[in-house]
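Presented below is the structure to which this report refers.
Letters A, B, C and D name the chains as they come in the text, with residue numbers starting at 1 for each one.
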């Protein structure tokens, strides 16, 4: 089973669901009780997830903390969970983000409070499920299960245009997922009726099949990431979603796409992945520059951050499809980073939105005078977002550009321009919101209270922790990523370790 | 020859009566024609050794359903309807569809292949009477469908009441 | 070694203390925290320098920063001759300017913030100069840029200040873009980013070419030029010089510390640090030399006509930085660093004096409103005068020795563009002397031209400000004495000291030639001063007459060659226009959203049409059913 | 013995008449009776199958059909009453609320 002696992953999945059930039994009027219950459940889940960090064996690429039970034997479906170096950090991120989402919604959600927290907790269970499922059927179940609470979060507690955004979000992701479902079924029958991901990964598929399945899975993952031409649901969803929804969306949900590429597309279809690397790199670079340039034209805070996500996720996919160790590890780290930073930016926007109820940049100005503590927090996240060395954003972006450059010089150079534009739009945003003369509309706003500071502090700590000592996080990934590359280069050619690519100068 | 004669009579009567049913202007006339039709069909069942069904045909169809029809017609007081035009819309199309379907069925009769024979020969049924034979199977092998049908009937009763009762307008 | 960690981390601690407790607890005592920290750092630095003087260099890793496959970078420190010079410059200037700021910023509502930023800057700059690998250099590089951003935009409520901060950061990003790619190229070439192994292996690069974006490029040239991009940005060379004059929006101590003495010289430091790479590429060297020379001339000409006291000094800084690159470009890295070192003192002094003047003039920057301040603020006058003499290259002062060494090595060195850049350098020396003394004469001599309120307000600055001025003044005079050339009986100790890191460039020429070069530069300097005196000390409006005569030239110079306007026109506006009208308007708005919303719309229309089939007429449904039944039976039959 | 085909022909004829009646008439009561006709047509063939194949299942099925027909008639007539109450007509084309 696992070294802990109890099924930690199942506990993490079902504890929030149990919590949701308990909240369901509470009275509609017991608002405080509901909130505290949600908070306690999320904190307990986070505490329980800590052993994943401390007890994780960083020397092996094998799945850890595995659990396996028969589920539907007639279809050979099993309840199979496990994590490796690629997925473990995301579970921790999910449990942490859930706490922050509960905290940030404390006062800002005023209607249907009970249902809101139920949705958040169900979401948490499903997210952890997605990251730990090792059976395709189970994976798909969680994958789709995530959609419903998110759809409700946007559609019920969202902004004025929430219905449009929620439906758009739902349709986009569903269309992609359906193609993936077809792919899963094809794999199931090809491999002799098994949904076991580990078994499926060890098979070799003919190139033609890999090619089509790659694109089927691509549809699901590219929408989630979101990659360039299918990104337009994201700004709408982010803009309309309540703060907690935006945070979960940014921090975890859109990571699922990139995670899918890593967990499924590359190991299942290594030949197709290599063959498709160039189009993928192209799309990534387009996303980086395109997303960044679009940000220059935004007048809505959340929309701007949403588009910046497109740009940042372009870096992630660039790293992944650089198909070398720096790119992959940078990509994974950047996924965590983006979750932290963009999540934190949305949390911050939520804090000020609670006070002003405006997302228009032009309604702000001079906020640094009114809310000095808040502006300091926001500055930290802005800097992390533009990848300043010492913050987490730098480590990820540097490794990705390094990997990307090693894979294709064009990709490396063009993606680096995204960093210039990134600095442009973020600093311009910061200037328009925090600097210059104080806008009359925001005079006399309340400074952050203790709850809000507590919400942001973990993010600040993570920003610097990963920025200054990223090795701790990178060490989780090494064996898994190396194993992935071995699978990718099964034919034996040793590529992808940058530094050997050019091999001009040998340092003894 | 007697059997054929009876069949021919019944068939002719059934055909004519059924045509009359659908062509009457006044629904009351239709119902009465239909009553006669059902008696003929019951008679046909008797010629086929299905005495129980013949009885059911008379009791349920003629006795219950048609009375219900009549009852409804009288309730609705369909005087205007009686003088309304008989056909509305493109009736040739309906006729064509009906004839087409008929032809299709007739043609398909050629490819009819009888299945294996069962155990209930005329002798067996005669030995224990049609009703008993039917009842035995119905309450053993077909018990569940039977119960389901009874529930369907219950639902129909409730549904009919709900539909027919006057709406209580707030 | 461990005690050396205090050098960067003391200021960092001060930053944290001030930023966290400054607003609530420390308030107007914030300067104590920072000054003590920086002073501590200075003391340890001096100990480190003493060690280095005895030949003990340190290269140690603190911990592993990033590992990924073959990529492994540590946080580590390299303290050698080059670093130790930078430590002297950074910690000394920083300490003095911290002290000065306690007076200058007194009463500002962001007092604690100012000192925390200054401390953070000091930390970052020290990380930059003590790094033992390129990535940590890059860390310091960006971090000083960040502090510069904070401090330029310190008075963020002014739009011009926050604009300038943003501009500085973004313009620097353009340079860092090349620098970052250069670092990546270095890693891909050498498999490491640590200085010592790289510089030990550079010779392997000779003659290698590499495919870069479809071109076959000489590898050392490529790497050197990419690195130089970063230097161009940070040290405000053409074409990325535009941010530095705007950076004068920041408080004056910041201009002195960051935009004169330390941060802007990081580019020169980096080029000097990478001299083994640059030296492999004659092309890159020539580029460096010419960019430096052209920038020096370009900025000096702009400086001639400006009226903003700080901007003149800023252009002077750009010009002097060009000088340093000129030196590096001809291979005289030692001379470049020597000039960096002397320049730090006299330029910091100039800025601080300008600050002192502004303090007296209640923030007034326009030279045309000053005049005759000599009698109100004698100490400021005296120190600024000395600094100007130093920058003008008057023999005996610091600026003279370093400038002379650069010019001589440019003239006599092996560089093919040496003579050309020497000529430019000499012209620049003349221009520098002219605008420096134009500044002095317009500010301190003649009659006061400002308003009466201003005249009443005139006073000498407090001791806390003038004492750092005097200390720096000593530096501006004496800092050059460590590098007196052998021609004048000195030992050229400075370049000798730097030799292990920077190599040593011997000038090839006779003593006569060396005397001639020296004489020409001294004459250029003195005649610049003389011309300034002739134009501005005399009664009458000679300057205005000349301006009238060369109206066009004056306009071009006054508008800084329209570079800002050009960038605005070719980069900023098109980008934003494209973002607004093409991408948001067309691509995202029409094409992608068009498809995204169009497909459901189409389905909607189709189903609207399809809906009309459902007429609600029972007989139609029945007919369809009958036809359907017919079709099904027919199909079964015909199959 | 009478050939099975005779019964089937008869069944088909009655069924056709039922279909024709349903399609051609607009009086909802007559249409309902047409449905009953069709059901009876099917019943005829089922009973004849039962007889000719010596199998009781045909009759069981007829039994069920009659039961369901009764249910259907009850509901259908209930609907007619409801329709008439709202529309005061037995003309089906008047009732087209369900159109798309």
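As a working rule, contacts are C-beta pairs under 8 Å (C-beta built on N, C-alpha and C of every residue); 3 or more make two chains touch, one makes a residue touch a chain.
Not measured: the values here are computed from a predicted model.
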| item | value |
| --- | --- |
| Most central chain, Cα average position | A |
| Comparison of B-C and A-C by number of C-beta pairs in contact, larger one | A-C |
| Averaged-CA centre spacing for the pair chain C and chain B, given as whole angstrom | 100 |
| Whole-Å gap separating chain A and chain B, where each centre is the average of the chain's CA atoms | 66 |
| Separation of chain A from chain D, taking each centre as the mean of its C-alpha atoms, in whole Å | 61 |
| Centroid distance [mean C-alpha coordinates] between chain C and chain A, Å | 37 |
| Contacts with 2+ other chains: residues of chain C | 619, 623, 626 |
| Contacts with 2+ other chains: residues of chain A | none |
| Chain D residues counted as touching two or more neighbouring chains | 19, 22-23, 26, 93 |
| Set of all touching chain pairs, with the criterion as stated earlier | A-C, B-C, B-D, C-D |
| In the complex, chain C residues that touch chain D | 610-619, 622-623, 626 |
| For the chain C and chain B complex, residues of the former touching the latter | 619, 623, 626-627, 629-630, 633-634, 636-637 |
| Chain D contact footprint on chain B (complex, rising order) | 3-4, 7, 11, 14-15, 18-19, 21-22, 24, 27, 30-31, 34, 37-38, 41, 44-45, 48-50, 52-53, 56-57, 60-61, 64-65, 68-69, 72-73, 75-76, 78, 81, 84, 86-89, 91, 93-95, 97-99, 101-102, 105-106, 109, 112, 114-122, 124-125, 130, 133-134, 137-138, 142, 145-146, 149, 152-153, 155-157, 159-164, 166 |
| Residues of chain D touching chain B in the complex | 1-2, 4-10, 12-27, 29-30, 32-34, 36-37, 40, 43-44, 47-48, 50-57, 59-60, 62-64, 66-75, 77-82, 84-85, 89-91, 93 |
| Chain B residues touching chain C - in the complex, by the definition given at the top | 89, 93-94, 97-98, 100-101, 104-105, 107-108, 111 |
